[in-house]
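Common to both upcoming complexes is chain A, partnered first by chain B, then by chain C.
Moving on, here comes the complex of A and B:
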């Protein structure tokens, strides 16, 4: 387990990890391509529609999109175009895939990042609160909350939130990412979009609040029983210093790991939540592209999401190294 | 009385009583009932003096140290009675915040396993700086830290290092620097050399003894190692099953141990050089403190056990310049019972 310190700077480590990710991304493309090719359903049927088209027209469309070629040839051509930065053309949206995905990605990232921030803040605060008084009422409450968070599925929670806060109380909009009928500008537009984001963000973050709460509690309880906490008290440090600087800093390491690890699950969760709330992000686009057999879009999304997950994992490792002086690569 | 932020109190004058424990009793709630790891312990440490507190593991010597700081490794422990007088002031009635100002400022503590008593994610310098800041000595902390590290024989660059980058000996030197950082009147060292390599043990011990002499501080040295006691202590208390069984100047203790337990301990150390009759060695093990034996707690293991030992707790009898809690000295010529 011993790592030589300072042999390589963090930057060099990050660069090396990025280069190592290239074959990984190629592997992801190949596997996704094969999976999509093996999936039932014909994109041409989806493109033309259900009505009976003349067979020669179907064949012409098939040839036009290159779908008459064998799978290996199509895969090599796809890889070639990806390397040139071309992710293909969306059948259903009549728009280049890259342009379409990037347009939607921004909205998904806004939702995901606010989810991670909210879940981390609430989870850490609740976890610290519970760990300071183990087996108290606060602790039991936090544990019960965490259990609920683990067991409630996002899509169901989303529907309940819509029923209560949008349909029942009428406080917040039920879906979409902005009001279509009103034309807000400036701050009003920001507030309007934020109001649309509250319910999807809550639905998506509940589980991660729970995970972070449990983990913070467990990690902090363990750290607060360690010898160096006793020693810092023996040096006369205030209980606040002991908790926040000694305790939480040491307890943060597993929390950072899990936040990064959760990111890929939040991507999956966002597909469900965006569908429930009609949030026009990548998750919603992925759902639609599966239904319309819009394979270039699906492949493009999978590729970009894979790259995002790899980048987030890298960021997690960098953050870990910054927090824990024992970790050097 | 110094609070956080108060200027350091005047250095203790030689011979002044720095720490005095009077009938200190600490209890731990355990699944098998109340345990008293510290049972009516009285001892005294003077300025410029190193006092040893010796005993087997489980005898309550570390709990005595934690009781002085009123800081326990478990929430189940509680100081129940007695006095902890630091330079005359009883610390027992003080609220936690006032105790915080005492810890690390008036009393420095050195722990057994130096590496586990330093936070792995904070640099050495930061941990020393926090302590100085906690006692309103944050101004000029950088220079003070460099000075402290130099005093314990470390380069000032060590301040930027993290605990895992230090050897055991270096980490314990940092521990010593921290104990002395705020120029305390008393240093409590709990098995400071036990976790170190033998060659490093001697170095660290010499360092502690030198700094103690130069600073004129009082030191309470907790150890099970009689070699350490012989090397650095002026006065020794022997603890057995939560009680002090013998107290003597170090020379007297080694020359003429008065309590059968002390005799057994010394026999265990010396029999390689000077073989003793086998009956002097101690048989059995430390009693279970949840249900200690009545009378003298050592009686089940004592080679000289008498009827009275099983019934009544022996008081401390003065024997020459030593005091021993043993009925053998009752009515002996020159022996006199004291409290």
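Moving on, here comes the complex of A and C:
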């Protein structure tokens, strides 16, 4: 019975968070709208970019967004077109913005997800290792590593990795998504793409390894002094089992949370790293769009990424509540 | 006045006691040294730099150790060392000014939110949440691309996008302090809200705010460098991020063009991060090791 009540409370909590997210999404759209209206020059430039567009199209955009109408009406029209999934057209790429961004999103997600997985594994292992003997050499090493991770910009790290592993040692490709000259198929193609992903992934994951290491260490040190750990030690469990099974279970929650809430920083890092390595994802698209002054693409990315961040935060909240019922009250 | 107002809980020891605490944190002291060095380089850039950071020469791609160019030259023959030295100025100005802007906004919003509560708090916290969720880098990029990447714009954009953490912190502190006896006392003697906020509560909650501010400086330096790397730095100034943007095209040919500006960014960011950690331990008794 209490279980049923618990799950109902979780549903209510999830619904509450979902409702909470609605004003945020609207806020994001309003900010986008303000950027369009505040952009220097003709607002139509912000919607089309500085690409020479056919005059009929310019007139159509003017009418569609009601650029000659008062601000509230324009706002409503803009909201309407966003809801319909119309984020404008990229003349530089000759493609609707939504389609273009979604097409590039896959490659960015592959990079981001493998980064999070790698960073979590390495960070947790290092954090546990450091927490086992606080103030030992290993602990100091892990702390130093974490400090470096917080301070080194990922785009510079990317350049250094290229210098060492591509230019110096010649082990890995310096950039791109796959080998253009060789026409690999099947497994060879997978291996080829994986080889191209190693350096960007390392550059991007360094900061999150650092964050996860520091956090794992801190949460473990906190938990290891608690009563139930003492109890499991008293029951005669080996120190290793106490650490990995009990300690880590308690530390898992803050780790999940921090990854969820850092999602928007991973997005920024990914944009920079993609630019260094010529990885054809959303980040690289952003970099290119600045130079072609393709404003609708930039605004579209801001909108889509912001909504993605809201969703990830929502999921993180719910995951947290699932593991720790206390937050629901 | 006849009424005795209860004293606020103040940190013991004053400046000297604080320094004694801070000195114990060795990494914090190292960070402070890096920050002081950065400051000196920034202030004395015109005296320290051997060349004008923009002056080109025929001596392009000179490797480090070349006569007259300790850190080498770039593709236009510009001295890398002079660029790194002048870049310290840009990073420090943007870092300090943007963090200051963010702190002022954060204090104002957090104080009003925490002191008054109610619907004001609800509304302000929603706005804070919005600013926390929007990807800072992407928004900064668009604003700078639209309105130009002059130094003032960079400072304002980074400052305006960096206040949420301070606001949340100040709010939670105000929530705690507003019902403490010394604040009740101030109300009883007829003090008005602005004065209670600024001269009674604020001084007591500044310690953690300063910690966050020093971490904000590190973040602002990183964000400015990231924008510079995207080609959106101040075009009239030589900045570390801008140098790395140029270096991107020559990674295979001139490693020194990316190595040295990157070390400079990392050291500056590390310095402010360490100072933040050190301040945190020195001001928060719970974190003091060995006590």
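We take it that the second predicted complex is superposed on the first by the 267 of 329 C-alpha atoms of A that agree within 3 Å, B and C clash if a C-alpha of one lies under 4 Å from a C-alpha of the other, contacts with A are read in each partner's own complex, and residues count from 1 in each chain.
Throughout what follows, a residue touches a chain if its C-beta (ideal position, glycine included) is under 8 Å from a C-beta of that chain, and two chains touch if they have at least 3 such contacts.
Nothing here was measured: the structure is a model prediction, and the numbers come from that model.
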{"item": "Which of chain B and chain C A:19 touches, first, second, both or neither", "value": "neither"}
{"item": "Contacts of A:271 with chain B and chain C, given as first, second, both or neither", "value": "second"}
{"item": "Which partner, chain B or chain C, touches more chain A residues", "value": "C"}
{"item": "Partner chain in contact with A:228 - chain B first, chain C second, else both or neither", "value": "first"}
{"item": "Which superposed partner A:185 touches (first chain B, second chain C, both, neither)", "value": "neither"}
{"item": "Partner chain(s) touched by A:169 [first = chain B, second = chain C, both, neither]", "value": "neither"}
{"item": "Which superposed partner A:323 touches (first chain B, second chain C, both, neither)", "value": "first"}
{"item": "First, second, both or neither for A:238, with chain B first and chain C second", "value": "first"}
{"item": "Residue ranges of chain C in contact with chain A within the complex", "value": "27, 126-127, 129-130, 133-139, 141-143, 145-147, 218, 222, 225-226, 229-232, 244, 247-248, 251-252, 255, 258-259, 261-262, 265-267, 269-270, 273-274"}
{"item": "Contact set on chain B toward chain A in their complex", "value": "4, 69, 71, 73, 100-105, 109, 111, 113, 116-123, 127, 130-131, 134-135, 162, 164-165, 178, 181-182"}
{"item": "Partner chain C, residues of chain A touching it in the complex", "value": "23-24, 27-28, 31, 35, 38-40, 46, 147-148, 150-153, 155-157, 159-160, 162-163, 167, 174, 264, 267-268, 271-272, 275-276, 286-287, 290-291, 293, 295, 298-299, 301-302, 305-306, 309-310, 313"}
{"item": "Residues of chain A that touch chain B when the two form their complex", "value": "5, 226-228, 230-238, 241, 245-246, 249-250, 253, 323-326"}
